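Chain nomenclature is as follows: A, B, C and D, assigned in order of appearance, with residue numbering initiated at 1 for each chain independently.
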Amino acid sequence: MSKPKFAMYWASACGGCEIAVLNTDEKVLELDANFDVAFWPAAMDVKYQEVEAMEDASLLVTLFNGAIRTDENEHMAHLLRRKSKILVAFGSCANEGCIPGLANLSTREDLFERAYSGPSTENPEHLRPQTIWRAPEGVLTLTPLQPVVRTLDQVVEVDYHVPGCPPESRQIAVVLDLLIAVVNGAAELPPKGAVLGAGESTVCDECPRSRDVKRLTKLSRIQELPSLDTTTCLLEQGLMCSGPATRSGCDSRCPNVGAPCIGCYGAAPGVLDQGARLMTAIASVVDEKEPEAIDRVLDGLPDPAGTFYRFSLAHSLLRANRAALAETP
Amino acid sequence: MSDSFEPVIIGFTCNWCSYRAADHAGMTRTQYPPNARLIRLMCSGRLDPTFVLKALADGADGVLIAGCHPGECHYLEQNYKALRRHRLLQRTLAQFGIEPERVRLAWASAAEGVKFAAEISEMVEEVRKLGPLNWPARPRPLATVPADIPVLSEVAA
Amino acid sequence: MTSQQERVGVYVCHCGSNIAGVVDVESVVKFAAEELKDRGVVLARDYTFMCSVAGQELIEQDIREQGLTRVVVAACSPHLHEKTFRGACERAGLNPYLAEMASIREHVAWVHSGHAAATAKAKSIVSGTVERVLKNEALDAIKVPIDAATLVVGGGIAGLQAALEVAEAGYEVYLIEREASLGGHMAQFDKTFPTLDCAACILTPKMASAGSHPKIHLFTWSEVEKVEGFVGNYTVSVKKKPRYIDEDVCTGCGICVEKCPVLVVDDNFEAGIGYRKAIYWPFAQAVPNLPVLDPDTCTYFIGAKTKDKGGCKACEIFCPTVPNSILFGQKEERVTLKVGNIILATGWELFNARRIPQYGYGRLANVFSNLELERMCNAAGPTGGKIVLRDGQTAPKAVGIVHCVGSRDRNYNPYCSAICCMQSLKLAHLVKERSGAEVYNFYIDIRTPGKDYDEFYQRVIDEGVHFVRGKVADVSDVPLGPGEESGKLYIQVEDTLAGLQRRIPVDMVVLASGLEPRHDSAEVGKTFGISCSTNGWFIEKHAKLDPIATMTDGVFVAGCAQGPKDIPASVAQGAAAAARVLSYIRQGELALEPVRASVVEEQCSGCRLCNGLCPYNAISFVEERRVSEINAALCQGCGTCVAACPAGAIQGSGYSNEQLFAQIEGLLREVRHETEVV
Amino acid sequence: MKALFYPGCSMQKNARPYLDSLLAIRADIDLELQEIDDWNCCGATEYMSVHRVAAHSLIGRNLALAQQQASDSDVLTAGCSACYLNLAKTDAQMREDAHLNATVNEALAAGGLAYQPGSLKVRHLLDVVCHDIGYAAIKARVVKPLHGLKVAAYYGCQVARPDYDGRWDCHEHPTAMDQLLRALGAEPVEWSLKTQCCGGHMSVIGPEVAFGLIRRLIHGATQAGADLVATLCPMCQLNLDAYQVEMNKHFHSDYQMPVLYFTQLMGLAFGKNAGELGIGKEFVDAAPALAKIQAEAPKVAEAKRKRRPKPSDGLPPPRME
C-alpha cells in the first residue's frame, strides 16, 4: 500500500512555521516514514504545475501556513483545497493574519509609500514594484498585492486549525503524532473545525507568576520599567500582557522569561474577537473614574489596535481599516 | 451622500436608567427620529466592545451606549467601566478609520426622556452628516472550490 | 438547539390605538409570519390588548395547542408587562424565561409619527427579539429568604408612622434619626392646616410611642454609613455620633442645660430666630429625653482644642447623677444591623431664600422665612407665639407673604413645593389672629387640592386677608420717591388681575420658601443604591402604580424624600411603605430574576482580572484550583464581569453573548449582508 | 494680562475721567490694553430696537476689527456698560442664530471683513479687573488704603444681566465690586439697589421718570450710610452725578452724593494724585467725602470682646450665610 501524501505550503508568512516543523527534530523522520511528502516548497523542489496535475483530493493532508495577501496566495489556497482531503490552517498567519495582517491598518498605497519611499529607503525615482515587466529577455510577472490580508478560512474551507506564531514544536509533534495515528488506524480525526495543538484556556492558566486583583494606574512599555519582579503577574506590574485573552498551549513561554505575552495563540475558545476581549479587560481594570485620568492611563498604550490585534486583526470583526477595505471589490 | 440617507443606530441601554429614559420619552410623547434600535442590558457595565464591533461590522452606521449618570449606577459604579471601555474603544476605532461620532456614550437617568431623545436626535444628525458606514461583510468561503482553477501563469498575465 | 427546531409565536399588540395608530400592526404580523418563518416563527397574531385576560389566554392556548416553545410579545415596555406575559407562559407550561417582549409602544409608537418609518422600526425590533428569544434558556427564579427586621431611616412623621406600623405587627424595627430627637420638621410647626390642630398635640404621642415601643430600637444622633447586601438580607452600618452624655445614666433632669453659660443661635430647630445652650435639648418634648452637647460651641471643647486645657465644665460640675452623666471623652460608635427591608423617610430641607437676593432675606432684618415664622407662631418658640419684628417687641402693622419662593421658577426649582400655599394661608391666618396686622399674599396660583383645603382658603379670604396675584419682583427698604415713607419694606409686584404695578409697603415680609431635597440626597441615595430625579428627590419605582418602592428591591420611600407632600400624604405613604414591607416579611421569601453570572471553570485561567470588578464582592479566587468563582447569592446580575472576562469564561444567564449577538443580527436584518468569496 | 480695548464714545468725552483713571492705573495692575484701530460707534441702547440687523452689523464691524487685530489675547474689554453689552449681545446672538450670523457676515463682507462668533471673549472692564487681575494682586498694589470710606457699589442694569457667559456670582446682587472695594481698604455698604436702573436715556426723553429713579438710588446710598457711590458705567455716572443737581431741584431736596468710577478709587488707593485720575471734574464734589481718607487712617480700635447675646436683645440678627 502506498503511503498517504503530505503537503506543506508557505503563503504570506515569514517562514517561522516551516522552521518550527523542522524543530520537531526526529519527528520529521517519522513524518517521512508514514507519509509520502508530495509537495513542500521549503524542503523539496516541486513545481506548481505538478500540483495542478495531481488528482483532486489526492493529498491526504496539507499544512497551509501564511496569510492570503496576493493573487498567488489565493490561487494556491484554492488549488491546495482542491487537491487536499484535509486542509490545516497552520500557524497564526493562516488562521488569523498574524503580523502580516497588521498591514490591514493601512492601504496598499500607504504600504508602498512606507516601503519604497520611507525614511530608510533610497529611491529618488520613486520606483514601485510592477506586476508585469517586459525585459529584453522576456516578460516578467509579479503577483499583485490584494487590498487586504485575508485568512485562509476567509478564502477556502478549512478543516483544522493549528494556532501559534509559530506553533510550538512540542505542539506540532502532538499534531503529527495524531496524524500518524490516524493514518495507522490508531486514532480518529477530531470533528471538523477543531483547534489542534493548543489548550482550552488562556496563557495565564500555564503562567507560573503569582497574581492578585488588578488595578491599573499606569501602563508602561517594558523598556520603561527600571526592573521587573520575576514572580508576579506582568499586567499587575503595568505591562500590557495579552496572556489573559490568549489561548493556552505555549506553556507561557514569554511570561516565563519576563516578556509579556503578545497574543500569538489567538483568541480563547468561543471568543469572537480577541482584540475586543483584551480591550474590555484592560479598560475594566483601569483604576480611574474621571475621563482625563482614564486617558492618562490609556496614553500608556500608544497603538491600541496594533497591540490588541497584533495577531488577530485580519480575522477580527472589523478586519481592516476602512480605507483599505474600501479597495476590496 | 444623499439627503435620503437614514442612519441605522444600535443603542445599548441599561435596564435601570437609560432604557427607562427611553420609556419615559415614550410616556411623555417626546418625539425623536426612528433611527435607533435599542437593546436592553442590565447595566452599561455589561457592554462588551464586541457588541459594538459586531453591530458596526453587521451594518449599523452608529452605536449608542447609554447608562446611568456617573455616580448614579444602579450597580454602584459599573457605568465607569462602560466609560473606560468607551474611551479605549474610541482610540482603537480611530485606527480603523471609524469616526468618534459613530460610537456615542450618553448618560440618562430614568427621568430624562427628553435628554435621551435629544441624545438620539443629535447622534442621528451627526451620523447622517458622516454618511453610511457600510462596513463590508466578512468574507465567507464557498463550500466547494470552483472546479476550473486557472493556471497561475495565466492569472498573473 | 437550532432555530428550525424551535416554534416561535409572535404577538403584536394594538394597545387600542396607542400602537396601531402609528404602527401598521398587520404589516408587522405579516413580516413576522412570512419573513421570519425560516427563523422558527410558526405563527404571528395581532390583538387589541395583549395584556387583557383574553390576550393572555390567546398565548396560553397557542402554547398548548400549537406547541410553541418561544413567545415574543410586541407591545409596551417590558417594565410594564414582562411579568404578565411570563405568567401566561408559565400557566401554559412554558418556562417563563422563554418569553420576550419587544417594546413597540414606548420605543416606537409614542415617539415616532411617520407610519412607514415606525412600522419598519417595529419590524426590526420584532426581528431582533425573535433572534434573541431563540437563544433564551429555560431559567428558574432565584429564591431569597427575608429577614423580618426592618430599617427605617428618618424619624419625622413619615418614618415614625412606618416604624410604628411595622413594630405593631410584631417585627423588629431599627429607627435611625440624624438629629438628636425624633419629630422632624413637623415638631417645629405650631398649627397644622387646614384644621389648625396643634402639631405637638398630634405628633408627640407618636414620638413617645416610638420611643417606648419594645420592638423599636431607636438610634438618634446617628447616620447610616454603609449598606451591603440585597433584598431580604441587608447589612447596615450605623454611625452613632457622640452626645457626650451617658445615655444609660442621664435622667434628663436638665440641670446641665440650665447651668450652661453659653448661648448660641439655634439654626436647627429654631430656624435661626432663637437661641440654645451649648448643651441643649433639641426641644422640650424631645424623644429620647436626653440633652446633647455641641463641641463646636462648648467652652470646654474650644479650650481643649486651642489652649490644651479645658474650662467651664459647669454641666459636669452640676450633674446630679452618680456616676456623672457628662462624658467629655465619648467617641463615635459604629453598630452593624441585619435587616430585610429598608424604608427611607429622610425628609426635606428648606429652600435657602438668600439665593434670591432681590427678596432681601438675610440682608433685610424683617424679611423672614416661612419656617422662621412657624417658630415665631409657636407658643414654645423664641417669641412665645408673639408676632414681632426683629427687635423682638414691635408688632407689625402690615405683613406680606410671598408665595413660590424658589418653587415653580426655572432659575431655582421648577417644581411646585405642594405645601407652601396652604402653609402661607395658615400663617396668614395666624398672623392676623395674633397681631391684627393687614396681611397680603402674593401668589401665582393658589393650590388647595386637599380635603377641606379650599374651604380653608375661603375662610382666610373671609377673614380679610388680601390676595394679590403676581410674582414679586423685588423687596426693598428704599422708598422710591418722597411720597414713600422710610423704614418700611416695599414689595414691588405686578398685580396681574388689576393689570398694574403695585408697591406695597409692609413691616414684615414672609417668604414661602419651597421644599428641597436634602443637600446630601444624592449621596444617601448612593448609599442605599437608589437614584434621584433631576430635581434631587428619590425616584420611586413607578410614578403612578408604585410610588412607594424603588428600583432597588427591598428599599422603600416615604414622605418628602420622594417629593414634596403634606402631613396626611406623608403619613399615608409611611403606612403604605410599612404595608409593603410587612407583605414581604409575611411571604418569607422572594423570587428574584435569575439574571446571574457564572464562571466556566475549564475556560477560566485564574487571571483574576474580574476579581476587583464586582461592587458586591461576589467574585472570589479559589487558590487551590486557581480559578475565580461567583457567589450566586451575592451576584446582582449586572454583567460587568461577563463583559470584562478576557477569556470569555464568564457566562451571564438571561443576557448571554449568544442572546445579544443574535439580537444585534436580528435588529440589523435588513442592512446585514454577507458576501461570499468566489 | 493683555486685552483688546474698545473705549467707546463716552470715555472719549463725558466719561474722560474713567479713561484717564484707567490709563493711570493700568501699569500698576499689569493690564496691557490694545485699542481697536478704527473702531466705530456701538449703536448705544436705542439702535438695536430700531433696526436689529443694522445694529448687529454696526457692532459686528467692531468685533471683526478686533478679531482681525487680535494677536496675543482673545479678550475684548470695554469700560462702558452699554458698549460692553452691545458687543457681548451681538457675539452671543450670532453664536445662537445661524441666520443672523450669515446676514451680519454678509454685511461685513461688503467692507472686506468677517467675524467668527465666539472667537473673542467679550468682557466688561470690571470683570477683567476682578476676575483676571484678581483681588490679591490689586490688594498688593495698594499703598494708601481707603480706610474709613464707605462706598455703595453700584453696578447698574447692563453688566450682570443677561450675563451671557456666566461671569458674575449673582445677577441681582453681584459682589465683585464690593470685594474690589474691600481690597482697596474701603468699606462697601450693604444696600438693595445695586442693579436697579439709573434712568438711562430717560434723563433726556422723560426727565421726571429719570429723576425718580435717580433719587431712589441716591436716597438708597445715603440711607445705607455711603460716603460716595462707585460706578462702572459712563451713563450711570452721568445720570447719578450730573442729573443729581436737577433731581434735587425737582424734588426740592439736597442730596450731595458724589459718584466716582471704580478706577478712580483704585487710583487713589494706588497713591495716584486726584488730578491725574480726573477727580474734580464731577458735578457733585467728591472732595468732602475723600477728605475722610486724606488723614492718616484711623487706628481700628481693638475689637471689644463680643458680648454674649441675650434673648432680651430681640431676635438674632439676619445673616447672609
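Convention: contacts are C-beta pairs under 8 Å (C-beta built on N, C-alpha and C of every residue); 3 or more make two chains touch, one makes a residue touch a chain.
Being a predicted model, the structure only gives us computed values, none of them experimental.
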Exercise. If you tally contacts for every chain pair, which pair is highest?
Worked result: B-C
For this session: Taking CA centroids for every chain, report which one is farthest away from chain B.
Result: D
Seminar exercise, completed: The distance between the C-alpha centres of chain A and chain C, rounded to whole Å, is 56
Exercise. Between chain C and chain D, what is the gap in Å from one C-alpha centre to the other?
Worked result: 46
Seminar exercise, completed: Separation of the C-alpha centres, chain B versus chain D, in whole Å, is 52
Seminar exercise, completed: Cα centroid separation, chain B vs chain C, in Å, comes to 33
Problem set entry | Per-residue overlap in chain D, given as positions that touch at least 2 other chains | none
For this session: Give the residues of chain C that touch two or more other chains, as numbers and ranges in rising order.
Result: 613, 640, 643-644, 657, 661, 677
Problem set entry | Per-residue multi-chain contacts in chain A, two or more chains | 154-155, 272, 277, 280, 284
Exercise. Draw the chains as dots and join the ones that touch; what shape do you get: line, ring, star, complete or other?
Worked result: other
Exercise. If you go through all the chains, which pairs of them touch?
Worked result: A-B, A-C, B-C, C-D
For this session: In the complex, go through chain B and note every residue touching chain C.
Result: 6, 8, 10, 16-17, 19-20, 22-23, 25-27, 29-34, 37-43, 45-48, 50-51, 54-55, 58-60, 68, 71-72, 74-78, 81, 85, 109-112, 117, 136-142, 146
For this session: Flag every residue of chain A that touches chain C in the complex, lowest number first.
Result: 154-155, 200-205, 211-215, 233, 235, 243-245, 248, 267-272, 277-278, 280-281, 284-285
For this session: Using the touch rule from the top, collect the residues of chain A that touch chain B in their complex.
Result: 48-49, 52, 71-72, 75-76, 78-79, 81-82, 105, 131-132, 139, 141-143, 150, 153-158, 272-273, 275-277, 279-280, 282-284, 286, 288-289, 291, 294-295, 298, 301, 303-306, 308, 316-323, 325, 328
For this session: Quick one: which bits of chain D touch chain C in the complex? Just the residue numbers, please.
Result: 170, 172-173, 190-193, 212, 215-216, 219-220, 223, 251, 253, 308-321
Exercise. Where on chain C is chain A touching in the complex?
Worked result: 602-609, 611-613, 626, 640, 643-649, 657, 661, 677
